[in-house]
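Supplied in structure tokens, the structure appears directly below.
By written order: A, B and C. Residues from 1 in each chain.
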Amino acid sequence: MLGLNSLGAGIAIVVVCLMLGYIIAHGLSFINLDFITGSAVPAGQAGGGMHNEIIGTLILVGLGSIIAMPIGLMTGIFLSEFGTPFTVSVVRFATDILAGVPSIVVGVFAYAIIVKPMHTYSAFSAGAALAIIMIPVVARTTEESMRLVPGAMREAALALGITRWRAVISVVVPGALAGIVTGIMLGVARISGETAPLLFTALGNSFGYSGLGNPIGALPLQIYRYALSPYKNWQQQAWAGAFVLVVIVLIVSIAVRWLSRKRRV
Amino acid sequence: MDTIKQTETTRPSSFTGIKGYILKAENLRAFYGAFLAVKDVNLEIKPKSITAIIGPSGCGKSTLIRCFNRMHEVAHGARITGKVLLDGEDIYAPGIDPVSIRTRIGMVFQKPNPFPTMSVLENVVAGRRLTSVLSKRIEMEEIAEKFLKQAALWDEVKDKLKQSGTSLSGGQQQRLCIARALAVEPEVILMDEPCSALDPIATLKIEDLMRGLAKDYTIVIVTHNMQQAGRVSDMTAFMMMGDDRAGGLIEYGRTDQIFTNPKDKRTEDYITGRFG
Amino acid sequence: MPRQDFEHHLQTLQEELLALGSLVEEAISRSTDALVNRNLNLARQVIAGDLAINQKRYDIEELCVELIATQQPMARDLRVIVAVLNMIVDLERIGDHAEGNAKIAIMIGDEPPLKPYIDVPRMAEKTKEMLRAALDAFVKRDAAAAKRVIEQDDIIDNLYDQVFRELLTYMAADPQTINRATRLIWVAHNLERSADRVTNICERTIFVITGKVEEEGVSKY
């Protein structure tokens, strides 16, 4: 039994190492200052970078988080504190389904209800699509973290004559904060790498950020385009982009681990 | 003169005739959904005294006191019939906000539960701060000192005010919870087995504290420990579960009388440990 | 039934109390016997035997204190132990009175009796009866029986009156008899005091049952 388990674990580690190694090997060599700071250049031309796309990813992730955090938090708090058994099961079911929707479907949906009426691809629609993907993650982890706070805290607060709402916000949420923050960062890590929804919403923009109502470039999108192109320069940049993206996600994931280790409530 | 009516052994003896009560239960019944947990309690609590509620496990003692500060109804499907009068007004009258009642009747729980994300100082003032406006830091520190002194904890924590509430020992944590409850300035303090999670020395410290507090506050304490009830209380109420699984008040009277010469045989059996 | 250990201790306590009562009863018997039959050896035995009575009294007291410290007795249990604590004092004093009579027997020694002993033995017998009945009432927790014993104290008082008047007339008639007569009055007095102590024991029995200590009947003396 031990041998079988060790084998499985070994395979998993080998896969991760292979993947990271490949990306590092192929991407690192093409990383240079120009890549980080330079904009895209036409195919075939030497040099150029993904500066705009890196900024774009950061903007979209930020936008998605700003939209998803309040909704996810409030859903999680509702599920943990204020729902009746019936409403809780309904909302949780809905959240679970939303979590399972393929991201490309989310993209198509965002296209239909935002891009089409607005008659333009936009950063806003991309942010909204990413938010839809992030909401279930935040809601679930918020709910779980809140439920981990012992009931004794709530009782103590209520017994002091504190209203339900105040008790939740001032006593329970702070107690669950570590878990909530972890959940948010997990959501951020998740949406940083989502590509499919961006296909239908962000479109891409070689001129960088030009307002929320206009198309915007993002790393995953650019990697997709460049990787499929026949131009060697672009393919190399795709590797570099993949490397940067992995680094971003790695940084966030490690930060999550580090933060949750530090807190001991 | 106190007159204690002795009725037949099938009905509980009730205590009437004392003038001046602060808290009174009238025909109080407590339900969890359809299940009757506490039945027909008539009880008058004297002001500025300590009343102990004793009885075997499951007889409804905790349920009863939770009816006094409207914490009982927090559980899903829980409700009461009857009245609970605080200073003569029914706290269950329509239109009365339960939250306001809980600032007048405070509660200390079995397991000390200071807020872990708050410091000692923040814990003490938490009740005040979250129920009314308390903005200035100076105010907070003054209030904390005042009530930590009342809870006989000031000397032990005055250098630790910024530390987490949970960094204190068990007995200190419980006194912190008492200070926190006092800071809201209630009229009545309910204590649900406040010492069961504590060691004997911490227990005695809190008992001394209770006797001191009883000069200014009315205290109702639920306890499993009969010797504690004897040491600490002025009046004792004995509850027991009936055949219908509902808890009722069997006898209520002066502590010295209950423990030397109780009127009801069931009380006697429980107190002498002959509960077979 | 819970508290088996405690129940066992209470049972032991009661048995010891009865044993003490038995010793005291015997002392009354033998001291009176020694007096009436001028048996000086028996009198000395009674005097020596008082040590055993005192010792037993302290042993029982120790047991009571131990039970209070270790068993936290409440309500009826507490009243029983407090009652026993008080009863052993009374019993020990009765023992002292019997010892007193034995000493008087020795003091009178070989002197011829003033008159045949009639009332004194009667007092002794009645006192023994009362003592037995009092302890029985305690064991049975019978308040009515205890009250009946208390009422019988009147009989003892009347007998004492009789003895007193009779001896007075002897003393008035012949000053030579004053020595012996006075001693005999003292014997009767000891028995009368003993009977009073028995009524105290009965009051304690009633205390166990009702929780109140009341003077049930005021003795004439």
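Here is the rule we go by: a contact is a pair of C-beta atoms (placed from the backbone, for glycine too) under 8 Å apart; a residue touches a chain by one contact, two chains touch by 3 or more.
Because the structure is a prediction, the values reported are computed rather than measured.
S.K.: Under the document's definition of touching, what chains do chain B and chain C have as common neighbours?
M.R.: Joint contacts: the list comes back empty.
S.K.: Between which chains do we find the greatest number of C-beta pairs in contact?
M.R.: Result: the chain pair A-B has the most contacts.
S.K.: Taking each chain's centre as the mean of its CA atoms, which one is farthest from the centre of chain C?
M.R.: The chain farthest from chain C, judged by C-alpha centres, is A.
S.K.: Which chain is most central here if centres come from C-alpha coordinates alone?
M.R.: Nearest to the common C-alpha centre lies chain B.
S.K.: Once you find the CA centre of chain B and the CA centre of chain C, what distance in Å lies between them?
M.R.: The answer is 52 Å.
S.K.: With chain centres taken as the means of their Cα atoms, state the distance from chain A to chain B in Å.
M.R.: About 50 Å, centre to centre.
S.K.: I'd like to verify one number: the distance from the centre of chain A to the centre of chain C, where each centre is the average of its C-alpha atoms, in whole angstrom.
M.R.: Centre-to-centre distance between chain A and chain C: 97 Å.
S.K.: Could you tell me which residues belong to chain C and also touch two or more other chains?
M.R.: none
S.K.: Quick check on the complex: what are the chain C residues that touch chain B?
M.R.: For this pair, the touching residues of chain C are 1-3, 6, 72-79, 210-211.
S.K.: With touch defined as at the start, can you tell me which chain B residues reach chain A in the complex?
M.R.: Of all residues in chain B, those touching chain A are 69, 71, 74, 76, 99-104, 106-107, 109, 111, 113-118, 126-127, 130-131, 177, 180-181, 184.
S.K.: For a test of understanding, state which residues of chain A touch chain B in their complex under the given definition.
M.R.: Touching chain B from chain A are residues 84, 150, 152-153, 155-163, 166-167, 170-171, 174-175, 177, 265.
S.K.: Could you pull out which chain B residues touch chain C in their complex?
M.R.: 226-227, 230, 259-262, 268, 271-276
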